Amino acid sequence: MAADRDWRAVIPVSEYRLKRRVQFHETDAAGIVHFSWFFRYMEEAEHALWREAGLSIHPPDTEIGWPRVATSFEFRRALRFEDEFEVRIRIAEVTTRTIRYACALVQGDATIANGELTIACVRKRRNEPMKSIEIPADIAARFNAGG
Amino acid sequence: MAADRDWRAVIPVSEYRLKRRVQFHETDAAGIVHFSWFFRYMEEAEHALWREAGLSIHPPDTEIGWPRVATSFEFRRALRFEDEFEVRIRIAEVTTRTIRYACALVQGDATIANGELTIACVRKRRNEPMKSIEIPADIAARFNAGG
Amino acid sequence: MAADRDWRAVIPVSEYRLKRRVQFHETDAAGIVHFSWFFRYMEEAEHALWREAGLSIHPPDTEIGWPRVATSFEFRRALRFEDEFEVRIRIAEVTTRTIRYACALVQGDATIANGELTIACVRKRRNEPMKSIEIPADIAARFNAGG
Amino acid sequence: MAADRDWRAVIPVSEYRLKRRVQFHETDAAGIVHFSWFFRYMEEAEHALWREAGLSIHPPDTEIGWPRVATSFEFRRALRFEDEFEVRIRIAEVTTRTIRYACALVQGDATIANGELTIACVRKRRNEPMKSIEIPADIAARFNAGG
């Protein structure tokens, strides 16, 4: 962030909607998107939400990392090659050390799947183990759990 | 299965331990295995469990499919390039239409992550939507929820 | 294609430019995009080119397939997380049974990599091996090797 | 490497054969292994060859990297879910700054695909661009282009 930018004036973001199309390499021999891809779709939307908030979740040479602590998905419908869908992610909770997202994949009026993802803030230094830390204030100020 | 094989005599399997090494293409720019891979590791162990039971989960030209209904992981430690670990999967529950697995990734004495996966049995016919069906008896006989 | 559509009136396409951003799961522990992803980027652009031509390369229940026969890449520069780049694919040659593409990944004025891909037209029928066939006229009419 | 180890006494390796089984997540909606996976199979065999030579291609905190410079594959046959095959990689050429591999994927007597891969040795330092360097002598001594 530019040193002269007043992050306290930032309007925090609470959700993001990512439009996406199924790519061929994401499908499997059952003819549908492999379930591991839903977690990648969710993460693509998460990182777009961070960009919307004016941040990168992994800037060059950062000492701060955001390992995934827990995640889940419930699958209702399948996605197929070239299907267009939307990944709706929102901040469900921000604690001093974690962020929890709720996510829905939707196609028109149909819900394809619902997911959750919790990440934790850590400090990473060369030759030291990862260490849980509090979310820096200038990052926490960018996010807001939706109403 | 050979037509003359008496599947009722089969000893059902309840768990499988898959030895695995982290491949480079499974890591990400944070220097650790991307979390989406844990779901693939769990599924690789699931399919090895099916082979151990004398079955393929996706034989050629099958009408029966096993879509994933729900899955989750809790992550405790990271895996890095060339780490060797074990994927321990066990049948947690078999109902008339679903199978639920519990999974642990372990490295020596350390638990890396714990996961769950529930799959459902469906019939897939060309030009028809997938239809939930009961698990065929000759398949159900191969699996047994562990004690 | 609608039965009443005169495909002979179609203006054939010869190239496509796909804008893309590097996703986190595409990077590896060296901090750059894993080289296997360049082939997926090229294929994503290929399928977008087909859609631009009014076609899907893999419509539901098709008997026609397009296996990859040969492919290559030369890498000049690395791509990193969140980099924006363009995948420029063009038809280099259409023969009676194959299509050959040339591809460049560019970032601003810099060429990141150059690739090639040759695909062949086959008929796939259940319980028969894949069989090389001539490209159907209504498909061939949609593509044109660039000048 | 241990400082007191005399690497000049090492018998260099020139090839490696990796046994592999197709995993479900490696297949696509055409029912076969997605072509991008052949490059990952080749790299998995490359890294096993390095381990066979007593090396890791990406040890922790290394300043030396091995970016891929060029690669190609010619595909003859398809691989399907649960197929067992072998990845045969051999050192085709070692120059002062590059290593070139030749690779064949085989299944019984059948050749599935043939590939090539050229990698270059670079120094990577924080805040500096990658710089081509000569392959360190203790690494070059471990490899030998096959007869």
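A, B, C and D are the chain letters, set down in written order, and residue numbers restart from 1 in every chain.
We adopt the following convention: contacts are C-beta pairs under 8 Å (C-beta built on N, C-alpha and C of every residue); 3 or more make two chains touch, one makes a residue touch a chain.
Keep in mind it's a predicted model, so treat the numbers as computed, not measured.
One rotation lays the C-alpha atoms of chain C on chain D, and its angle is 180 degrees to the nearest 5.
A count of contacting C-beta pairs for A-B and for B-D identifies A-B as the more extensively joined pair. When every chain is reduced to the mean of its CA atoms, the largest separation from chain D belongs to A. Centre-to-centre separation between chain B and chain D, using Cα means, comes to 29 Å. Chain centres here are Cα means. That of chain B falls 33 Å from that of chain C. Across the assembly, chain C contributes residues 24-25, 29, 32, 36, 40, 43, 58, 80-81 that each touch 2 or more other chains.
Taken pairwise by the contact criterion, the protein chains are fully connected, each one touching every other. The touching residues of chain A, counted against chain C in their complex, run 23-25, 40, 43-44, 47, 51, 56-58, 60, 80-82. Those residues of chain A lying in contact with chain B across their complex are 29-30, 32, 35-37, 39-40, 43, 58, 65, 67-75, 78, 124, 130. On chain B, the positions that touch chain C within their shared complex are 24-25, 27-29, 31-32, 34, 36, 61, 80-81, 126-127.
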